[in-house]
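Before I ask anything, let me first share the structure, which is written out below as structure tokens.
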Amino acid sequence: MKRFMIGMAMGLTVVGLLAGCGRQSAALVTVAGSTAFQPFAEKLAEQFMAMRNDVNITVQGGGSALGIQAARSGTAQIGMADLVQLPPEAAELVSTTVARDGLALIVHPANGVTNLSIEQVRGLFNGTLKNWKEAGGADQSVRVVSREAGSGTRSSFEQTVGGIRLTAEAIIQDSNGTIRETVANDPNTIGYLTHGLLSEKVRAVRVDGVDCTEAAILEGRYKLVRPVFLLTKGAPGGAAKDFIDYVLSPEGQGMIRSYGLLPAK
Amino acid sequence: MRNTGERIVQNALMLVAFSALASLLLIAVFIFKEGLPFLLRTGLRDFLLSSDWRPQEGHFGIYPMIVSSLWVTFGAMLVGAPLGIACAIFLNEFVPKSVMRVTKPTIELLAGIPSVVYGFIGVIVVAPLIRSHLGGPGLSVLCAAVILGIMILPTVISISVDAIGSVPNSYREGALALGATRWQSVHMVVLKAARSGIVAGVILGMGRAIGETMAVIMVAGNSVKIPHSALDSVRTLTANIALEMGYATGQHRQALFATGIVLFVFIMILNSLAMAAMKKSVK
Amino acid sequence: MSDPVQISVRNLSVYYGKQHVLRGITLDIPSRHVLGIIGPAGSGKTAFLRTLNRLNDLNPDSRMEGKILMGETEITHSDCDVVSLRKRVGMVFALPVPLPLSIYDNLAYGPRLSGIRKRFQLDEIVERSLKAAVLWEEVKDRLQTSAFRLSGGQQQRLCLARVLAMEPEVVLLDEPCSGLDPISTARIEEALMTLKATHTIVLVTNNTKQAARVADTTAFFLMGELIEVGPTSRLFVAPTDSRTNEYISGRFG
Amino acid sequence: MRVPPKVTQAIAVALFGGATVLTLAVLVFVIVFVLGKGLPVVSLDFLLQSPREMGKAGGIFPTLVGTFLLPLVAVAIAFPLGVGTSVYLTEYTVESRMTGVIRFGTDCLAGIPSIIFGLFGYIFFVEILQMGWCILSGGLTLAIMVLPTIIRTSEEAIKAVPTSYREVSFSLGATRWETVLKVVLPTALPGIVTGVMLSIGRSIGETAAVIFTAGASLRLPDSLFDSVRTMAVHFYILAREGISIENAYGTAAILIIAVLLVNAVSYGLMNRFIARRTK
């Protein structure tokens, strides 16, 4: 009997906890969205929290669309989005450009192709160029790797290249990292990712003769570039504003640059 | 006092007893609430039978995912069911009980290996083998079928072993006494008697295969197209949801929940079949 | 210890589903008295016993008609508090069923349910009950060991002691010696002879000799009917019904 | 032409034996492969340090904590519900249409794929109840997922308790609840614990449902309202994103050891339970 009462009490406590859990403490900031910017946000959050121990920042991935949605619904105080054009539902949010990002076209290191024209890139991703021979490579069929529908990286890529209607044959992966791994595993693939995540496992090809380098992007010669936005509902305030200010500060921008993204201005 | 206590306990327990049912309903309600309006707006035929999945342009056809899910599941059955059933027969009929006592738990232990680990092995070991020996991207129907087939082995074996084990010994002895070999007694008598139990095991295995998500995302390649061969890369219903969920808003998101409804219905049909088969085997 | 009570059974019928297992039983059991019930398997003896502590309630298919009075209480009434009834009416089952607890905890199970928590009180009850069941000498040094360690005969006496620990007014025994050897049987009977000075006892047995040895009154059940009841000395010497005669002389059953 | 029975017998043995050996070989390969690649990475530092650079360097300590906490929360919620349900079904009611419906619901719940649980948990706990990605959201989702397992195993265990124990308890004046609490549940405990262990094993290995509800934060959680990353999710992210294949293998090795340990313990308990039952 007594034990039963204790059980009931515990049950009620759980219900109480459930009821009371809309809780958002002032010092808690959730940042969610673009998987491409997520690693940077985590590092920035780490450094920011080292200076400000009254603030707790949680960084989640989920993608640009989720970042927009989470910022609108209040699930996250700050949304991260890396789209060339923000969708209409983001109109109600205040966006702050915090970085720019180059999109690198990548192939397996053993692939012979080193340079592609925008036209060829379009052909490869539309499925009209089916053999590497047609783009100056070996006689092997092309396998395209792209991101899933809704991905900010994919829509930015498709918008900057223009006129892409992705072939149905394309293998779909759900993050920059998995694209890189898939390309690194198969000599006949081509994919794209944020240039900050390039590694020796894959090789970036030149686009219209321009290398995907920081200098080329900063000088505006490399075309495949997109902005990174932090989104807030209304003008940022409180700890969220402090964090965004930190990201825009020389220190924050320097850190963004040192890890492969480009500063906002 | 004691009687009131008893009555409170009884009512509390009755309430608790509905927790599973309530959860099921809650899940159904929320998945349907998110997906059903979309389904009604788009029309069942356009959603289920169109091959055009371009969420950005407002085209939501999941026919390729349905076909792919069925192919992958069918392939997994082709790999898992014969191996699993053969294994169950061998363990029950051809080895001493002591061997069985060690082997069966070992196999069931393996049911606990996380699916992501199987998926990873698919990417690292199976896909490159397929790519270099059979061609294609490697991440394919075949790769998914092999990995899922292995994943469902413990389920199929465990339930089949129980079904075969519950066939009364007198059946076997009857056959053996008439001069049958062990194998004759197995395929003429034992398998007939255990058939519905084995079928139930296979169906539950199918349920697991069709519902598996992470491993499939890793090994199937996720192309939105109707596969023409086992070497083609495909996207299943589950993969469609998990891949795009994080990035989806508005209609796109509702379409993913509608995909969830389709999956839900598939699973319910499979479960009902399995339960019916189980009931038959109990009789 | 309160006064043992008289039990009167009036026109009792019991059904298990569609099966009519007891048909119109009318019977009085005087206080401080041993009633022996004999009869072949399936004659309704056990069903009768289980109506006396309403254990039949556990079987959702069972149903009863008629009336049983235990002292002033109408125990067949739907308002009857079966939990306190069962504390007044203890039962020993055909096969010994020790609970998976120590000897001591088996004995203390009933008293603890009644709210007795003090160690010295429990110690006292345990010792007294074990002595009454003629088991104390054999187990007094190992009260904390599992009850499963006891032999079959000891287990059955443990069950009897466990019943006595509740200080019941009525003790029901359902073929308590059916699985026991003659020596263990003798021990149980020895305990019963002492108990009847203070308790009303109903003993179901398929051993007619045991009924003859222990019971004051004996009743003969056959196919759910009470065929004959009378003083043991008379029933075994001069049964009035031919079926009783046939049963006790071993012609059927 | 008829093949002699002796020959078909030999063929059958070879075929089935071959299939069995193949099955075992494949399954053992999976374990040996992962442990072989992963164990060399594992060290005390690996277990006890926090990850650095998203898991490229450092250890996996926060994910160990997450892997420990999530199943704990799940079982803490599912255990009373599951055992309560099975007690009600076995002790407090007779088979009826209602119990049939409850059983059907339980069986259906058992068959639902984890991605659906993930979707539901995300919509219901994370969004509608505004709990966000946190241990509690994930724990509640997992609790629903493992509920059928706990109900079924507890029911089996409770059914295996001899009826005579209940009769004795009732005849000694116990109420139903007292009988359940003092006799039925203690006797059925090993079987119930088996169900709990199986549920923990399943929760540890789960990815799809967890990633949608508990998130994937690498920070050490301060409360139940913080997001965590479990080892399974960590492994998935490390391996998929190619952050560090070595650390992925190391995580997988620890993960497999944890799951096998939990399962082995539960099978040990189950066997002891069966041995006691048949005695």
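For clarity, chains are labelled A, B, C and D in written order, and residue numbers in each chain start from 1.
The rule is short, and it goes like this: a contact is a pair of C-beta atoms (placed from the backbone, for glycine too) under 8 Å apart; a residue touches a chain by one contact, two chains touch by 3 or more.
Small disclaimer: the values here were computed from a predicted structure and weren't measured.
Chemist: Which chain has its Cα centroid closest to the overall Cα centroid?
Modeler: When every chain is reduced to its C-alpha mean, the one closest to the whole-protein mean is D.
Chemist: Determine which two chains are connected by the greatest number of contacting C-beta pairs.
Modeler: B-D
Chemist: Counting only C-alpha atoms to place each centre, which chain is farthest from chain D?
Modeler: So the chain farthest away from chain D turns out to be C.
Chemist: At what distance in angstrom does the C-alpha mean of chain B lie from that of chain A?
Modeler: Using C-alpha averages as centres, the distance is 33 Å.
Chemist: Quick one: chain C and chain D, Cα centre-to-centre, how many Å?
Modeler: So the centre of chain C lies 47 Å away from the centre of chain D.
Chemist: Could you please state the distance in Å, as a whole number, between where the Cα atoms of chain B are centred and where those of chain C are centred?
Modeler: The computed centroid separation for chain B versus chain C comes out at 55 Å.
Chemist: Check each residue of chain B and list the ones that touch at least two other chains.
Modeler: Counting only residues that touch two or more other chains, chain B contributes 2, 5, 9, 12, 123, 242.
Chemist: Mind pulling the residue numbers of chain D that touch at least two other chains?
Modeler: Each of 80, 175, 177, 240 in chain D touches at least two other chains.
Chemist: Send over the residues of chain A in touch with two or more other chains.
Modeler: 1, 4, 61, 181
Chemist: Under the touch definition given earlier, write down the residues of chain B that touch chain A in their complex.
Modeler: For chain B paired with chain A, touching residues are 2, 5, 8-9, 12, 53-56, 123, 127-128, 131, 137-139, 217, 221-225, 233, 235, 242-244, 246-250, 252.
Chemist: Can you list the chain A residues touching chain B in their complex?
Modeler: Counting only chain A, the residues touching chain B are 1, 4, 8, 61-66, 68-69, 87, 89, 143, 148-152, 155, 168-174, 181-182, 185-186, 189.
Chemist: Considering the complex alone, what residue numbers of chain D touch chain A?
Modeler: 54, 77, 80, 126-127, 129-133, 136, 177, 181, 215-219, 222, 224-227, 240-243
Chemist: Could you please specify the touching residues of chain D with respect to chain B in the complex?
Modeler: 5-6, 8-9, 12-13, 15-17, 19-20, 22-24, 26-27, 30-31, 33-34, 80-81, 84-85, 87-89, 92-93, 101-102, 104-109, 111-120, 122-124, 128, 144, 147-148, 151, 175-177, 201-202, 204-208, 212, 232, 235-236, 239-240, 248, 252, 255-256, 259-260, 262-264, 267
Chemist: What residues of chain B sit close enough to touch chain D in their complex?
Modeler: Answer in residue numbers: 2, 5-6, 9-10, 12-14, 16-21, 23-27, 30-31, 34, 82-84, 86-87, 89-91, 94, 103, 105-118, 120-121, 123, 125, 150, 153-154, 157, 180-184, 186-187, 204, 207, 210-214, 218, 238, 241-242, 245, 256-257, 260, 263-264, 267-268, 270-271, 274-275.
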